[in-house]
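Both complexes shown next keep chain A, but they swap its partner, so chain B is in the first and chain C is in the second.
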Partner chain A sequence: MVDTIYADVTVVGSGLLGLSTAFELVGRGLTVAVVGPRTGAYTGQASRAAGAMLTVFSEVESSHPAERVAVEVAERLAARDGYQAWLEQISAASGRRLDLIGGVWVVANGYGDDAVELKAIAAAAETRGHHADFASPREVPGLAPQIRAHEALWLPYEASLDPGAVMDALAAVLHAHPRCTWVDATATGVHEQGEHLVVDAADGGSTMSAHLVLAAGAGIPAVLAEGELAERVDAPPLRSGRGVSLVVRAPFIVPAAVRTPNRGFACGSHLVPRPDGATYLGATNRLSTEPDYTTRPSLDEIATLIHDGAAELNVGLREAALLEVRVGHRPVTIDHLPVFGRSGHPMVHLATGTYRCGVLLAPRAASLVADGITNPGSHADHPYSPRRHITAPALEDFLDTAARGLVEMICQPGGQLPAGSEEKLASFLRAGLLEMSVGSTTRAAVVRRLWNGTPMAECLPLLMDAAGRLR
Partner chain B sequence: MNPVPEEIRRILASITGRDADSIGEQERLSDLGMDSLDRVLLAVLVEERLGRALSDDALTGIRTVADLQQRLQPEENRQ
Partner chain C sequence: MSITHVDGAASAPTRFTLSAGRGNVLLPASTAPQGRLVGEYLFRGHRMRLETSGDGSVLFPTDVGVSLLAALNHDAVVRMAGKRVLDIGCGSGLYTVAVLLAGAATVSALDVNPACVAAAIENVARNGLDVDRVQSLPVDLATVTIDEPWDLLVCNPPHFPHDPVYAGDDGVQAALVGGMDGRALYNVLLARLDELLAPDGVLVLAHSSLTDIARTQAALTAAGYRSRTVQICELDIPLRRFAEHRDVLLAHLYELRNQNRARFTGLRFEVHTLAITRASDQEGGVG
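Presenting the complex of A and B:
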């Protein structure tokens, strides 16, 4: 017989966003129940598979509208400004040392429009008074790619850390905290009971609380399921970017993180130093309309990682010893902005949608969500509010620029099409996908359903894949 | 155990390449090799051939062939 646990707030999800939020809430004197795996393999959890770079500026892409860049950089900067103090708070509470490794290198190698990307990243840093120093690729420690690098950019205010160490420290603090109870099982459902919210867990236990924080990332739609409560919460559509990453013992040293700019639909390659001389290699990015939590990393995903990492960062990766393979599902909304704070239901709060920046944004999410609980009405107009209006773009608008990205994705870094054929192939894909999206064929219905459900650039590889699967 | 209706088996077979007769009620869609994209194809084919709409939320709740069958029963027979 498992009891019902009563708390002021139930936090569903035990990734970094869930734990950060729980930590913030107990710090404000509230009682908290955390529902989510505390032990086990954490399969599918984005936090454990993350590279964990504090990428304030290097996530900027030249194609992003200025308004989006302004909002996102301001939020990431706010998170970064408080990060060291936040880590120190966790260190003090847990008695564990948590270190930041300063700086991130961004490397351009002529793939796509890398030089333009580096300029956009540098501009984002400099207009906010932060250094962005161009350098020769020869100056980048640990860089020895197959494809010649043209230029490098050093961002001293960015940083990296070991997300597992932060999560273990937070878990230790919360597990021992008198105001926190942890249900070590996946949440299976949520319902209202009078004025309270009840969360059922896979181990048969349940929690009952006045407030509910949903921080289970791409797993949230399955927990909320269909029904009246889901309708009231009215969460923005959540999708996930499935990412596979490796931890290796490499025959070279990477003292600070080295990354490429984002690669269209993928997230580029990056090497991040880990404790004990290990090195993290990330990451693939494939949009899922529903997270395939049970699907293990495929050899193709691992091969892609190694191929891209060796081509763009260090050929020595091929000699590296494999220590770990991880898979995670980065939660993402269709406008690519996170969802932090009160939902359409006054007692249900969201902390998710952080996509590639979950580790950086975790303390920011925690404080915005906690404010929504202890100070209702605050941040109602925040650009990350779950109640914001999200407009879905039209397929043809995306295809104009994104068809080129499809060709780059097919070629992979270092792959070469015969001169002049790239443009033709891009035009053909653009025309083909547009043709396919109209009419009354099964293929048209599939393309439209996919696009209507997931109207974002990352959907284009799925459109191509799905259209080809129909025989 | 209920037999899986012929048309549901045929739809699943056309997506997975499995022999329609070999698809059993208790099998999970993931065991049939279906990923999230295949599940979208499933929703479209079900709507086209059986005239029954499956929302994304409904899809999320379908794990096994039996779940799908249950979903596609006439409303009044649903448990």
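Presenting the complex of A and C:
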């Protein structure tokens, strides 16, 4: 029998959000139990599969409402402003060197409205007093795409790093810390016993603590399950964007990260240098309504990744040596904003929903969550509060952008439809989606059920897939 | 830690652990008509019965308070027969009834909450004891007039740090919340101990690990007292009606713990039963 571990806080999840929160909490004098794999393959863990660009501005999309851009950029800036100091803190505690590679290039080609996207990104940086320098694609080291790039944007305040190195350093610090106990097993459930929050782990061990931080990303719904505690916590619906990425030894050098803007329902392609000379190629993004962490990357995902990377970034990728294939589930909410802080239960806190920005936002999540524990009531009105009101958008409101996005997705970067047919196909899809959003056929009912379960843009490829399969 | 006895023999404190996630383990409360809470306890061979109204005016004894009786059950050094006893913060009368059953001559039942003093006297009568052996003292320990010091003081002080968010101002709050650092009553007790305690007298104190045991022990030593740790009981922090505000309560405790003024992990803490005598005396008339 394994002993019960008592702690002030149990952190469920051993990804970067969980570890950074645990690190912050022990730094504030609290005792922490971490429940989550410390060893093994980390299959499905978003942190390990991440490109890990500190994308303060380049995640901005022209279609995002100004209000959302203001909130998100402010939070990402706050995280970026403290990032170097945070890494130095981890370095000092672990004795390991952690380097940031400065700057990110954003590259526009003919795909979609890239030029508009670059302008939106540049504006987000410049209005906040940061440089965003337009340049010719010829000036971007490591860029040699199959399809012509039109324009490039250099964002010197963005950066990239190796998330595995940060996680390993944090793991070493926490593993050795006298106030931290690590249960090297997946959490299987949580419940209340008296005023304790009990976490059961797959190895038969359990923790009892005053506070609980749920940082297991897309795995949270399974841990929380249904019942009284889940009702009280009232976590916003969590979905995940499954992403496959590759680590390669490339026949070219990429001194700083190069990316395209976000695309339709995906996150574009990006090449990120690693300190050991390897190059990261990311990433696919496919919505999972019920993520299965054990599903291995499919050949289609890998093929898409290689196709898009060669088309948009560097044709030399086809000659690269494959070092690793990774798959991760990026946790995302319906409104695409993270959930940091106290839930509907005063002792249960969430650190998740970071989607594509988990590595950047990890220290920010850690400090907001820790504040909710050491200074209750702080940040109650924060836009990332789990208690915020989230409105589910109607499918009709999505039709215009959705139809165009679907066409772009079908074409793939570099793909071409006969002149004028893109618009025709888009309006055809718009009409079809509209019919299904109000119709009474079986197909319409299935599509609506799917949409109501996951009302977000990323659901549209699933709708198309489901509608196409039904006879 | 063991404290050297007056006769030179080392006596290690008894340790015991109450399981997590359960309250009122030592004195289980059952519900009686009109929402009254009832519990029974065997103290030094005497069966006693405690009742409270259950409306929040008087706190039903928690395991913290009852642990002191458990300590005295295991440790016969503290004598009660024929003694004059002061029950400081008498609450429902748990200690008043217990020491009378164990043969105390008289008990002064002191509580800042008059409802507690009344409840204590009711419980004395309920156990078939003579209420004339009880002096009612519905006053603050800080201002109580002392005509004659007592042979035995028993006290389980409030130990939670204050916060305005608790909002309530009832008997339960008075019984559990002891000023900004939880030590309000401890400090008064230490300041007035010379006046309160008769020569050869003993103070038996249920000292919470949330309220800086080391600080009390240092103050006692400096004032010429000796403290013997009779028992260490590990148990859950009794949150009761503070459960809804436990985030705030714990945040204060984290601060105190960071200053080395509180000890606990998660919701687990300790209650040390201390037997305190003047350094020049022999505890409880032993020897």
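What we mean here is this: the second predicted complex is superposed on the first by the 467 of 471 C-alpha atoms of A that agree within 3 Å, B and C clash if a C-alpha of one lies under 4 Å from a C-alpha of the other, contacts with A are read in each partner's own complex, and residues count from 1 in each chain.
Keep this in mind: a contact is a pair of C-beta atoms (placed from the backbone, for glycine too) under 8 Å apart; a residue touches a chain by one contact, two chains touch by 3 or more.
Fair warning: this is a prediction, and the values are worked out from it, not measured in the lab.
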Practice item. Specify the outcome, clash or fit, for chain B and chain C once both structures are aligned onto chain A. Key: fit
**Study point:** Which superposed partner A:295 touches (first chain B, second chain C, both, neither)
**Key:** first
Exercise for review: Considering only touches as defined above, state whether A:376 meets chain B (first), chain C (second), both or neither.
Suggested key: second
Practice item. Tell me which partner A:221 touches in the superposition: chain B (first), chain C (second), both or neither. Key: first
Check your understanding: Who does A:465 touch here: chain B (first), chain C (second), both, or neither?
Key -> first
Review point. Of the partners chain B and chain C, which touch A:439 in the superposed model: first, second, both, neither?
Key: neither
Exercise for review: Would you sort A:346 into first (chain B), second (chain C), both or neither based on which partner it touches?
Suggested key: second
Review point. Now for A:7: first (chain B), second (chain C), both, or neither, which partner does it touch?
Key: second
Study note, to complete from the structure: Distance floor for C-alpha atoms, chain B against chain C, superposed on A, in Å, equals 26
Study note, to complete from the structure: chain B residues touching chain A in their complex are 14-15, 30, 35-41, 43-45, 47-48, 55-61
Check your understanding: Okay, in this complex, where on chain C does chain A touch?
Key -> 20-23, 236, 239, 243-244, 246-248, 250-251, 254-255, 257-258, 265-268
**Study point:** Residues of chain A touching chain C in the complex
**Key:** 4, 6-8, 28-31, 193-196, 198, 208-211, 342, 346-347, 373-377
Exercise for review: Enumerate the contact residues on chain A facing chain B in the complex.
Suggested key: 221-222, 225-226, 230, 288-292, 294-295, 442, 445-446, 449-450, 453, 462, 465-466, 469-471
